[in-house]
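Next, two complexes with chain A in common: one pairs it with chain B, the other with chain C.
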Partner chain A sequence: MLAEFGHFALLLILVAGFSQALLFSPLRLHAGRIVASLSFGTKTVTAVSGNSGNEALSDVHEPDTTPHSSALPTPFPNNLIALPLIILALGILSQAALIHAFVVSDFSLPIVADVSHSSTPLLFRVGAAFTPDGGAMLLWVLATALANIVFALQVFRRASNTPTTASSDSLFIANALSILGLVIAILALVTLIDADPFLRVAVAPLDGRGMSPQSQDVLRILREPVLYLGLAGLTVIFTVSIAGLLTHKIDRSFAETLRPWVIGAWLFLGLAIAINAYRSYSQQAWGNWWYWDTAENSLLIPWLLTTALVHCRAVLEKTDTLKSWTAFLGLSAFAVGWFGVYLTRSDLLGPLTETLSQSADSTALLVGFCLLFSAAYFLFWRQSDRMAEQKAFGFVSRESGMFLSSVTLSLIAAVILIGTIYPLVLRWVDGENITVGAPFYVEALLPVVLPLMFIMGFAPVLRWRQDELWLIGRRMKLAVMLSLIIVLFVSIRFIDLSPLPLIGIGLAGWILAAALSDLWARLWHQPDHGESKYRNLQLLGPRYISMTLAHIGLAILIAGGSASAVWEEQVVLSARAGQSIEVGPYNLQYEGVALLAGENYATRQATFILYHHSLPVAELFPEIRYYPIRGTETREADIFHGRDGDVHVSVGDRSEDGGRIVTVRFLPMMPWVWTGMILMLIGGSISILTRMFLRIRKNGVPAS
Partner chain B sequence: MRFSLAVIPLVLFAALAGIFLINIDKDSSVVPSVLIDKPAPDFSLPPLPGADKGLSRADLTKGKVSVLNVFASWCIPCRAEHPMIKRLSNEADVPIFGLNYKEKDPQDGVKWLEELGNPYQAVGMDLSGRTGIDFGVYGVPETFIIDGQGQIKYKHIGPVTSEVLEKVLLPKIAELKG
Partner chain C sequence: MSLSRAKSRKRQRMYIIGAVLLAVAGAAALALTAFEDSVVFFFSPSEIVEKSPIDPDQRLRIGGLVEEGTVTKLQDGKTIAFVVTDMAQSVTVAYSGILPDLFREGQGIVAEGHMNANGTFVASEVLAKHDENYMPPEVAESLKKSGYWEEIEAKNAKQMRN
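Entry: the complex of A and B
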């Protein structure tokens, strides 16, 4: 019966979302209706919310005619968080109901029967709740509800800190909350139409089909909540941008409101990408960390746009310029995020193995996407010409550097988007099936990535407003020399290296050298505060530190990626127990295969002892798992992360001569890739955490 | 100038959305099968426990248009489409063969047919899934229409709904019968 509660809660989310959209919509505020009974408003609006979809959509354009309202009836701040709180509670309720159905293996729900089985371990039964369409949509709704309440708290605190909130400010807040409610309602509606997770069948099967073995992985399960939290962050960015467009309030305080969301979304999407990369590296036995497949691209594109947004938002906050561009990126980041979900959820790009017997229907997801974003871009078109930039900046300035980098980042995103949907469009146009793979992306992206990385080196040392070229030259000379030395060293040391990885390594060296020399200059050459180095470190501020960390992280990532691709060593052989395999500086001794039982699988686990200079350093256990429920095998590689590189071992079938096929790869500098990713994520976290820490210290415990 | 620039996102978005919306009906499950207009692969499958007759390629080449339906007891859409397969056997005068795909226990298929009714003239049991692979099956249910010479003429992926039955399968069968 709990599933029915969940279903009802999902329906109520739809209602409450529309209520929030209506209650906070300027329409209603203008009507001057009493909104004091906001928390109980749900019931009164229930009656109209059924057909209010169009109404709510048209609200988006409404304040166009009356942008500057006078005094508002003050529905907030007191009741501001009541409705978001209700939505969050409902979201938790319906998610809990679904997870409960998976935990108790209620196979009368087809969604459970399709991707779960009574023998699936508990953790994966919970994780299975997120893999099918309906479950994932529900998670998305929940994440958005969470972002909704956090955003409400954020504006609530701001409103209560400044008692005399300007009316345009409250209008801005009301607009943002209204659209957030609308998005939640649309998502809930899409869930109900496309893939209602709570449907029942009359005759329940005796047992489920089992979870796809590829998904039975802790990282795979972690990825889903992280991904949807990132998307929820994008949702808030989107709604804040719309509200800013509506009220002509794209200014510094707008940028400040946006700040935690932009960095938060960047962080979560980046984490999802990192998890995805490590998972495909470790689980699928062929062990690459990036494939340019749809699922990966649909994470990368919004992440790139969010990265662009991080930069131009900073410019907006600092100098009050780049208004339209920031708003455009704010809209587009969520647009591509949603579109990415659509691409991966629908079976447009070939049938998905994970949803075998389900006919995935994502029509409503697409229709909702088209409606919401055509309204958004229409609004952008109508409003952005009223936001002419008042101030200009010199071509050689920090603004211009950051603007250029955000443009190139968006170009990269556009190229990847085109590469992702081009095969689809081609198939529709002349029925031809092609695949776009790594060669295309490398060729098409190179002309955009190279200038970006070049800009990345010196943009952080530019001065705001106006700078002089010769001054830059003076500041950058150390970095230029260092990166030239690196390129020269690598090209002489490895004389037959092809130019491409050399360029990658050189540019990584350039970014690294530029970031470090700037850091060094700030720490030791600061004339004003020469008395204390520690003071200099403090003066850098969390923003500078997080930026530098993220840039260094990217440099390390690129260097590691290039190097591991070039100097990879691979050995494939048919090994017998006791045999020794030499790879790179390591020696791998094969001990044999044991047949073991896992919780819901049988596994052939091979044992290897890894020697480094004849000293044993680790034992590695690659496996072939057989999952009897689905009757499929997965091959789990085992990886040793050494200081000089990763040793990646996987085993295959028995070969004809009685040995075991063993694939060993030594990927030098591969740990650099993971270190780089982690550094970037730490950089983002520092930026958010210090901010939160400072705020709590200033205001005491945040009111909630 | 600004006016014209700001409209670009809208135009681009509309174009993209248009392409996707127009093609939303293009059922992507009609993946061009490499086997269309090719002879059905050679196979010979044992019968279900208790039945006397299995299924082999010879059954498909008796000069009559036939339908091959891939099903499994663990597949929920199969349960949903089963009434349609029964309707098909009533409305189209063609032999319908079943390919019982990857059962864990051979008895599962028997129980399933006892419970829901058996519209199949003969059922082959493909426990290993090898024949399914030869047919290019990548999900259950799938339904093949095969002409009298054993050539695969049409392949439907996913459950047969009444719409698919009336608008696709029956006309196709009628057309093949001439």
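Entry: the complex of A and C
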């Protein structure tokens, strides 16, 4: 019964989304202006709009907001919040209905019967609601609804803070909300057409087919909400860019509006990538953290474009330049995000992701993509050249550095996109099956990544507008020396190292040294603010701190990634109980295997004791789990994160001679990869959180 | 004033178009040069037999069903050998390391590696990352080509009913 409510709520989201699109649409506002000029007055228009919104939906949810902003100068629906709030409530309702169906194991819904079982633990039954296509789509709708209300609150706050809102400003807000409503409606429609999660069958099976054992993992489940929150952030960026294009209002206040969304989307997508990487490193006993497979690429491409957007948005806010490029990136980031979802969901790309297990229909997703983005790019084509840049900047300037880096980032994204869809095109054209793997990406990306990292080192110390080359040389001399020392040290210490990882480590050292020397200069060489060092730290500002943290994080990530790939040690052997395995500086003692019962699986858990300099440091428990419902085994590695590297242990079958096959890998500097990712995420969070914190504390005064 | 603005607008458009073209051309050039020597082709066992001997330096992927009863461990205790077949032809595959979770006799797999001189495929990676009753599309395709698809399909369907 609840599922039918959820279904109905989903339908109502469709209706409410369209009515939000219509209510705030430019057409209606024009009509409203005509009505107003015919002396009906603005009051009636807003009253009508308020009614039409509530009327359709009052039987489900009572809108509990009272419109409390007075009538704005233009005919403008004064209950900005009501409709987004209703959509959010409906989204929560339908998501709750789906989760309820999973919790009570209502197998008359095929979606539940496909990926759940009565013996699945409660946490994973809830999580299983996100894994199939229908559930994931529903989650996407919910995340977008959440972004919708937050955006409405943001613009509502701004509109109520500045009572004399210019008419172009309110037109801009209305356009953005209208397009957001349209996107929500399209997503709801796609969910209903492609993979309706609330369909019922007349005869319910006795029990479900069980959750895919590889998905039964907390990180896997956590990834979905994070990913869709990131996509929802991209949705707002997209709609704001479209609205800016429509009203020719791509300027500093546009960049200001965009700021939390860009950083937020960057943060969530980055978190999704990090979760994905750690999962493929630990869960499936593959042991590598990056595979260049479709699911990973479809996260990486939008993340790269969002990173580019972070940079050129900052330029736009500071200097009012790079307008059309910012708008273009805003459109494209969401486009590749959507396309990535389509790629992972459709079974076009072979046995790459486990979500492909049900060959699903995702035509509507593709049709929606084509319609929405062809309209968006057509608009961009028509409008972009009206966005004349008012100011120029010299070639050697911070603007040009950031512009170049954002172009390079989009180039990287383009190469990865080509690599991802090329096998598809080739198979379609001449039926040949090829695989594009790590060698391709390394070879194709290297010529782009190296200059990018070079720029990354000195772009932060460039001056705005105009700078001189010799001045840069002076500022960078410490960094140059430090990175040269690092390269020399590594190349002498490891004399037979191939040039590729050396370049990686050297450039990582360059970024790190540049960031640190700039920080040093700002903290200790600032003559102007001599009060105290702490004062200098305060003067850095959250933006600078978050930028530096993110850059240092990337440097550490690159160094760790190159080092762990080069100095990896792998031992595969058949071990007997009590046997000692030497790997790197560690000694691993195999203690044997115990048969244990898990919640819905049986596990053969091996015990290893890890010794470092003959002192026991940790116990490791890699497992082979057997899930009887699906009749499949999964292998869980266990990992020790040491100071000098990760020890990655996984066990296999019993071998002929009575031992057990054990794979032990020592990955030096692997913790650097995770530290780097965490530093980047902390950098992003600082940027968002300080702003929110300052806004609360200073009561509405925007932070630096 | 308006003339110069129109002119600068035009010039700016030129810049943008130039930048976009440059980026696209750069991406395409990079991708194509890298494709030349880093793309891994997929072959079915029949194609391997047809094209042999294959250059041992060429990385390739092979896909098919693991023939029942052929999975053996070699003397060194960690190398596993099995026969991959598309029902028409078959190729022996050697792999040392831990096989993936969903590796079963009679199931479809994809292996990546190279051919050695005596006709054995030395795999550096075995992929079976799919559902227990889901066939990798390449394998399904090669089975369709060799004409045994219906038989396998019927067998799988029967297993599912049990």
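By definition in this document, the second predicted complex is superposed on the first by the 644 of 704 C-alpha atoms of A that agree within 3 Å, B and C clash if a C-alpha of one lies under 4 Å from a C-alpha of the other, contacts with A are read in each partner's own complex, and residues count from 1 in each chain.
Just so we're on the same page, a residue touches a chain if its C-beta (ideal position, glycine included) is under 8 Å from a C-beta of that chain, and two chains touch if they have at least 3 such contacts.
Bear in mind that the values here come from a model prediction, so they are computed numbers and not experimental data.
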Clash or fit, chain B versus chain C on superposed chain A: clash
Partner chain in contact with A:L366 - chain B first, chain C second, else both or neither: first
Touching partner for A:A594 - first (chain B), second (chain C), both, neither: neither
More chain A residues in contact - chain B or chain C: C
Partner chain(s) touched by A:M481 [first = chain B, second = chain C, both, neither]: neither
First, second, both or neither for A:S324, with chain B first and chain C second: both
First (chain B), second (chain C), both or neither touched by A:S332: first
Touching partner for A:S384 - first (chain B), second (chain C), both, neither: both
Which of chain B and chain C A:V218 touches, first, second, both or neither: neither
First, second, both or neither for A:L123, with chain B first and chain C second: neither
Partner chain in contact with A:G631 - chain B first, chain C second, else both or neither: both
Chain B/chain C common contact set on chain A: 324, 347, 350-351, 353, 356-357, 384-385, 388, 433, 631
Interfacial residue positions of chain C with respect to chain A in the complex: 5, 8-9, 12-13, 16, 19, 23-24, 26-28, 30-31, 33-35, 37-42, 59, 61, 73, 77-78, 96-102, 110, 112, 127-132, 134, 136-138, 141
Chain A residues touching chain C - in the complex, by the definition given at the top: 212-214, 284-286, 324-325, 347, 350-354, 356-357, 384-386, 388-389, 407, 410-411, 414-415, 418-419, 422, 432-437, 439-441, 443-445, 447-448, 572-574, 630-635, 650-653, 655-657, 659, 661, 663
Residue ranges of chain A in contact with chain B within the complex: 110, 113-114, 201, 203, 205, 207, 209, 324, 328, 331-332, 335, 346-348, 350-351, 353, 356-359, 363, 366-367, 369-370, 373-374, 377-378, 380-381, 384-385, 388, 421, 425, 428, 431, 433, 628, 631
Touching residues on chain B, where the partner in the complex is chain A: 2-3, 6-7, 9-10, 13-14, 16-17, 19-21, 23-24, 26, 28-29, 31-32, 73-79, 102, 104, 129, 138-141, 157-159
